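In the two assemblies presented below, chain A is common to both, partnered first by chain B and then by chain C.
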Partner chain A sequence: MMKNSAEVVIIGGGVVGCAIAYNLAKMGCQDVVVLEKEYLTAGATGRCGAGIRQQWGTEMNCKLSKASMDTFEVLNEMLGYPEDIELKQDGYLILAYEEKEIEQFKKNIALQNSLGIESRLIDPGEARKIVPHLNTEGLLGAAFCGRDGHANPFHVTQAYAEAAKRMGVEIYTYTECRDIEREGDRITAVVTDRGKIKTEKVVNAAGGYSDLIGAMVGLDLPVYSERHQIMVTEPVNPLQGPMVISFYHHFYCQQVPHGAFIMGQGDPNEPKGHNIGHSWQFLQELSGKITGTFPALKKLRVVRQWSGLYNITPDSQPILCEAPEVPGFYMAIGFSGHGFMIAPMTGVVMAELILGKDLSMPVHKLDLGRFDRGELVLEPSVV
Partner chain B sequence: MKDDVILCFCEDLTRDEIREAIKKGATSFDELKRLIRCGMGACQGKTCEENIQREIMTITGRKREELPLPRQRPPSVGIYLEDAARGDDDEK
Partner chain C sequence: MRIKDHPILSFPEGKTVEFSFEGKTFIGKEGEPIAAALHDAGIRVLRHSPRHNRPRGFFCAIGNCSSCLMVVNGEPNVKVCVTPLRQGMKVEYQKGKGDINAAD
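Right, the complex of A and B next:
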């Protein structure tokens, strides 16, 4: 039986929705429902590259990702998770092939260091020591932070979901939000394909479908979705410590603790939309970049490719706020390809916002109004 | 009684481990895959799918035709990165 009322209804059973649910319950609000139209992690969370880094170019992204990394380090214990989120901290190595990249990295590193993130610029020789199979031809240098790394998004989400459920949160999978009812400007209920749930507070955590949820309350949100493709190899013995990424070549490649290499690329010509198909062009192009950058991986077998949606904002930073025009409508959307790594802190500040508590990190700069005010701080470091 | 029979060879998963995950609420092949990696190895589910679907049927009481099939994802067999880079197909 589904509950017919709740204090808060969260739409989306990805890592963000589950992290918000857990934090609400922990802060004393247990009358919470999470709606997921498929199963937990069916969206971007279960399709992502699973990298977690603190090397960002804007203050907000740095702060959110650093605080989140602090949380990942203790997440198993914090959530009482009997399994393991498979945290790996062998760093992120960000390659620079152009002088202007080096200049950008210097700026980023100065900002990161001022916020307590221990990143540094290194030369190709040192990069090669960290990743011995790296082809350093044409490489000018790299940025490195040894505390960056990886965690398993399925287990992270499951850990939040199980902890939330133990505190009374209800998670309804295979339950789709179809509409949001209002009287005047107040929200009154969420309509699902399994019935109605009365509520005054709704959280839009619908990832690549956040625009559709916004439209249910009459908002035209400044976000769009874009397919990003990704693939994985067979598992092999440990070979590569850090995640290696290149903004110049638009790729990322890491070996996860289980042994497989996960890699993906951004395609500047990808059209906007909700397509999550796959293409052989992607497989061919990315394989070319990877074998060029890491010749030793030539004989690794690709076993699977898939794709998921980035939900993108004009400044590549998320939108975390209550909609000024629709009181009670909260959103944690537009993560622009890095919502997994900042989910722990997102969960905390969203729960505080919803419950009207003091924020443990000021996130007012990430409100919806910044786009109208033109106060955009562009994040330069995205793949 | 303990059942150590291995149902997923790529990931070394026993019948008991699979049953435990189904009881936790992962009631489709694709959900199990995300939780315990069955179907993510070299065989991509080709050797284990039937046996695992049967476990899901036994525990959930659903019929075979009610169970969603796992999503098939390319490539259909593992392919070397260097071959993929050249755009070779499986035949060569």
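Right, the complex of A and C next:
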């Protein structure tokens, strides 16, 4: 039986929705429902490249990702998770092929270092020592942070979901939010395909579909979705320590603890929309780039490809706030391709925001109003 | 063991080739699956499972099951049940999930 009322209804059973639910319950608000139209992690969480890095170019992304990394390091214990989130901290190596990239990396690293993130600029020789199969032709240098890395998004989401459920949170999978009812400007209920849940507080954590949820309360949100394709190879014994990414080539490539290589790319010509199909052109194009940069990977066979949605804002920073026009409608959206890695801290601040508590990290700069005010701080480091 | 007469399938006789398995020389028929030549040579264990190191033998025979992944000419994860035998092939057991050589 589904509950017919809840203090808070969270729309979206990805890592963000589950992390918010856990933190709400932990802070004493246990009358919480999570709605997921498919299964947990069915959206961007379960489709992402599964990297976690702190090497960002804006203060807020740096702070959120550093605090989240602190949490990832203790997540198994914190959530009492009997399995393992498969944290791997062999670093993130960000390749630079142009002088202007080096200049940007220097700025980013100065910002990161000022916030306690231990990143540094290295030369191609050192990059080659860290990744022995790297082709350094044309490489000018790289940014490296050894504490960055990987965690398993399925396990992380499951860990949050199980901990939340133990404290009384109800998670309804295969339950779709169809509408949000209001009286005046107040929210009164969420309508699902399995019935209605009375509530005054709704959290939009719908990732690539956050625009559709926003439209249910009359908001035209400044976000759009964009397909990003990705593929995985057969597993081999450990070869590559860090995640390697290139903004110049628009790719990322890592070897996960299981041994498989996961890699993907951003396509500058990708149209906006909710398409999550995939193409053979992607396989051909990315294979070419990857085997050029890592010739040894020519021997790997691809076993699967898929795609997922980035939910993108004009400044590539998330929107974390309550909608000023719709009291009780909260948003944790627009993560622009890095929602997984900042989910732990997002869960904390969103729960504090919803419960009216003092924020353990000020996130007022990430409100919806910044787009109208024109106070955008552009994140330069997105693949 | 080698099946020569089968009620449905026919086995065209390829020419005899030499190959090595774990450093020893064996003979097989050119173009037959490597696994067939190994079977004929009495080799029953093709792989060890990566997690528990349990022996794995000839199983699905159609390239699906990962039971016969071996190192062939230095390349890991070769499905020997569907890979044709050639003269001079170097076939070896794979350690764990197989090694890619960074220098290649």
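In this text, the second predicted complex is superposed on the first by the 383 of 383 C-alpha atoms of A that agree within 3 Å, B and C clash if a C-alpha of one lies under 4 Å from a C-alpha of the other, contacts with A are read in each partner's own complex, and residues count from 1 in each chain.
The criterion applied here is as follows: contacts are C-beta pairs under 8 Å (C-beta built on N, C-alpha and C of every residue); 3 or more make two chains touch, one makes a residue touch a chain.
Model, not experiment: these values are computed from the prediction.
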Comparing the two partners chain B and chain C, which touches a greater set of residues in chain A: B
Partner chain(s) touched by A:L300 [first = chain B, second = chain C, both, neither]: both
Which of chain B and chain C A:E234 touches, first, second, both or neither: both
Which of chain B and chain C A:R373 touches, first, second, both or neither: neither
Which superposed partner A:Y39 touches (first chain B, second chain C, both, neither): first
Touching partner for A:Q284 - first (chain B), second (chain C), both, neither: first
Which of chain B and chain C A:K100 touches, first, second, both or neither: neither
Contacts of A:F154 with chain B and chain C, given as first, second, both or neither: first
Chain B/chain C common contact set on chain A: 234-235, 297-301
For the chain A and chain B complex, residues of the former touching the latter: 39, 41, 46, 154, 158, 232-235, 258, 278, 280, 283-284, 287-288, 290-291, 297-306
Chain C residues touching chain A - in the complex, by the definition given at the top: 50, 75-77, 95-104
Residue numbers on chain A that touch chain C, as the complex places them: 132-133, 234-237, 239, 259, 295-301
Chain A contact footprint on chain B (complex, rising order): 26, 28, 30-31, 34-35, 37, 40-42, 44, 73-75, 78-82, 84-87
